[in-house]
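Two complexes, one shared chain (chain A), two partners (chain B, chain C).
Right, the complex of A and B next:
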């Protein structure tokens, strides 16, 4: 057993609180793991991105890796694809999630079943989902195009056509992740006080007016959460893209995370780490200002 | 649950139509892919290779099951053992460490509190730097080892658990702490004997959500624990798709088997998963 700490860690400025029963060393085990395996790599990545690196020895080469990264069209397009992918998935999850949540909080038959079936894909292996949809999206034999041809529509080569590949993967991402967005919206809608709806009924509001004037503004915190979570997930997305297209055809569905992996596999550790730093900067440049902006617009119920 | 009841209960007739449309759509969009997995998994190799959404002419469930398990020297069995060790070890460590941090973080305000909160949020937002992590693991002699991967999963999962626990601990009255302290409990005793037992429900939530996450994790094992002997279940899937590209029946049998653990979690802990994902998300 540890002896009780005698010194006041809080400092002389704090009030008469001496022997705290909440010892600082409770932080220690988590802090060590977190610092060694998360903070140290994050901080050192800035240095290693400036080197030619083979794990064992590194040679400082200045910004050459970044120059390579931004000169190579295949790598730069990865940056652009990352943003497109994150915006598409995030946007669709907001719209579809809100729609589904409104539907699933209304009086509807089979509500429990519907909630389960929408949510379940969230828990399924991403690689499993990716491989399944790769086969369903097969241009010739795939179920999706076969069904479309029954309706007289010639489906595109979802994953083989360079102009569709990235969007197709993003759609599968939405299929898998919309359940979580729906869940967050349901929690948000359920927490809206009942009085608002009663007042609206007294005023004879239509369902659309209910949605426009009550649900939409008061579910705003949920919207912010969904936007932030899906952007964070979308910007670093790797496994689904890897399972479905491996960045192809060509480099048309490469994102930064898949570039990082490819450069790592090829042995360009410095370049791979530069990709990581670019991703870090992209994520922080988008998420931190956005979360500050969204938090400042928080509404009170 | 009853939020929109009053708004829509006036038009029950419309809801029947809407319900039917919704259920039909849900079948097409969400159930058909799963049915496709199920049907293809029990087909013969030739039939599966046609990729049709049809009823199997002959059921080969046992045959395919045995084939998948035996493939590549019982790799799937090894992978299931690896994944189980990884999930159990990393989630238990993660939960205890995160609860300790969350407890002190919620209870005591110092000038460090803001900084620690910032670090916790950073853990959720910042994408991990891959190769430098490998470099650190290599220096520690933990690269390509199970303990190394376990610690990586712990480091990456801590933030989510801390946020979840901190929100819950805020609802545990401080009077309990004070009573325990008056009775002579030290910090360790206070935490492990008094506080931890009260966190049972949120611990279950955290364990379930993180177990599914770690079990389904593909990226970290790919980077930090390469090699066939070390494969986790997600990687067997990946191997299947490359080396057995024509054996769709086996691939889908593998997908099916790998989906069973999350399915069990879902059936037993649906409410807890929902609670954890929404609570953690909204607080974050």
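Right, the complex of A and C next:
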């Protein structure tokens, strides 16, 4: 309330001051924080990825770390797992998020309550979720398999069977993350002007036509946000996998981030630094063009 | 409102800074303790049994030497703890005495540079232990705890009921397993819910490797011997695959944890469990009355005449080179106490001993569990026990447990696994800067 008149007074004055370098100084604290916490470590990590270092000393070895890293057998499968994981989680979050958002913007009973129920898992600690689901998914006495056996189905070893482990973790990630996707979609759908729906009603459109021709195209910005966020999250995902399987059994649910972490844990600091540089480049290589492409689509609209 | 909030923020920031200060200076707060009184700081890991032993030793030592007080500090276990120890050593900020692993992990601390040699205790220590805390002919530590064996714990009742004898060759072991399976008992317990437990068939088989190819550890360190190309070394991987392929393991092997495995063994649901003998104390604590029901035998190899026990040396107590003057004198006195029969007695009072002592003149009490007696028989017999590979060579790959889980779950064959592990150790050797890699 108080602020409004002040800004209108300050308006012309600030225009006159625009050329003065004075205001740029206000960037300085942020710039220093950014440089110290982000730029310097990034640049030094590029350098240290070329050395074999320990806490006591470092030795420059050129690109040997990268050679070793790409020869790491767990890495090749880890790369593939990372992509599979990111695509599964991202895809399911888009589909389920959109479905839930449509449901939760319609006139259903207990809408507010259901919205918070869907969003709730986002607020819980990832490690907590991981440990809980590890217990639920226990092949012998986990709740999931015990419930299935009541129906006469023998459930698989969700986290111990090599062919299911990665998918099981991805599904838990979806359970945990779909609330955020739903929230973004709800915001997107609510912001669609009512006039479109009114016009559609006049033309006698069905619910499906409403969804197909109004909601889907006009919620596109929300879709892009969900895809980008969940894909970045999926590519870097580490905490949930580490809490649930530690990359196991064997290496069957190892993603790049967990491969890197294990190298670090083993004391191969140079190698794991190189791995992080590779992860950085990989995420950039996938997300940057995708984000450009999606943004250009948005302008077309 | 605003101002109050800012005030609060400043206050809390100041409080944070203050508390950080006092925490940082804790270690060096009583530098001038006059009147000949010395206070030593002693860093150990935070495992409850370890803390009990450390505090017991400190108390009993002070009772005898009232001028010296020892404060026990704790650190996390595992790799996080490794990093703390390395950081504090390299910044000269280490406590006056500290406890750490012996063997390859101790070698990674660069003992010549960071630790004080304590050769004066050499004649009190067992040869195997001296090997695992020695570097360049000097000795850097005294034992903190007891020897452990990597062996097979077995349920004696189940063995008696099925009329089985302790096997000394793999063929006999296999025959026992077939009989046990026919009798409806899980012959071999595996617990991949805790991945480290998967490695015993390989690590605990090292005595047999050394017996069939003497000097293997040295060649291995020099990159001249490999797991994949030495049949005796690869046998461990083969055995792991065999017990899985023949269906000798418990049904829930993929998700079971150490505690589950120990309980299965104690209850006789499973007959044999390859594990470290130190886990015995947990087994007995959780299943009272099993002291004499559980026995121990070495992992069988090909030759009954050459079968023996693979032994893990206890952790060591070390003095960093940053400890000097009066404190160094006092610290050495403390190490001398630990490496004496009185020290052993204090140790045994704090925690039930689960293996022989590494200090000469220390005897186990008569009341030890059966498995420890079995272990002692191997150790007392000349040449029937040897150190595990990690005490003879600094080369140990970090991925062994995952590789073992893969072999033991039928995901990877033993040949491929041995090759993969050879690749894995290469990184470790390069990081340590060993020659020939």
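Basically, the second predicted complex is superposed on the first by the 274 of 301 C-alpha atoms of A that agree within 3 Å, B and C clash if a C-alpha of one lies under 4 Å from a C-alpha of the other, contacts with A are read in each partner's own complex, and residues count from 1 in each chain.
Going forward, a residue touches a chain if its C-beta (ideal position, glycine included) is under 8 Å from a C-beta of that chain, and two chains touch if they have at least 3 such contacts.
Being a predicted model, the structure only gives us computed values, none of them experimental.
Superposition of the two structures on chain A leaves chain B and chain C fitting side by side, clash-free. Once chain A of one complex is fitted onto chain A of the other, the partner contacts of A:102 are limited to chain B, with no touch recorded for chain C. In the superposition on chain A, A:160 contacts chain C only, with no contact to chain B.
Look at A:208: by the touch rule set out above, it reaches neither chain B nor chain C.
Residue contacts after overlaying the shared chain place A:74 against chain C, while chain B stays out of touching range.
With chain A as the corner point and C-alpha centres for all three chains, the angle toward chain B and chain C works out to 80 degrees, nearest 10. After overlaying the two complexes on the shared chain, residue contacts for A:138 are found with chain B and with chain C alike. Once chain A of one complex is fitted onto chain A of the other, the partner contacts of A:266 are limited to chain C, with no touch recorded for chain B. One of chain B and chain C touches more residues of chain A, and that partner is B.
Between chain B and chain C, the minimal CA-CA distance in the chain A superposition rounds to 5 Å.
Overlap of the chain B and chain C contact sets on chain A: residues 55, 138.
Taken in their complex, chain C has these residues touching chain A: 79, 82-83, 86-87, 90, 108, 110, 192, 195, 251-252, 254-255, 398-399, 402-403, 405-406, 409, 411-412, 420, 423, 427-428, 430-431, 433.
Listing the residues of chain A that touch chain B in their complex gives 1-2, 4-5, 9-11, 14, 20-24, 26-27, 29-31, 33-34, 36-42, 44-45, 48, 53, 55, 102-103, 105-110, 113-114, 116-129, 131-133, 135-136, 138, 141-143, 146, 175, 180, 183-184, 186-190, 192, 194, 197-198, 200-201, 207, 210, 215, 221-222, 225, 228-229, 232, 235-236, 238-239, 242-243, 257, 260-261, 264, 269, 272-273, 276-277, 279-280, 283-284, 287-288. The residues of chain A lying in touch with chain C in their complex are 52, 54-56, 59, 68, 71, 73-74, 138-140, 157, 159-162, 246-252, 262-263, 265-268, 270-271.
Against chain A, the residues of chain B that register as touching in their complex are 1-9, 12, 15-16, 18-20, 22-23, 26, 29-33, 36-37, 50-53, 97-98, 100-101, 103-105, 107-108, 110-111, 116, 119, 123-138, 140, 151-152, 154-156, 158, 162, 177, 181, 185-191, 212, 216, 218-219, 222-223, 233-234, 237-238, 241, 248, 251-252, 255, 258-259, 262-263, 265-266, 270, 273-274, 277-278, 281-282, 284.
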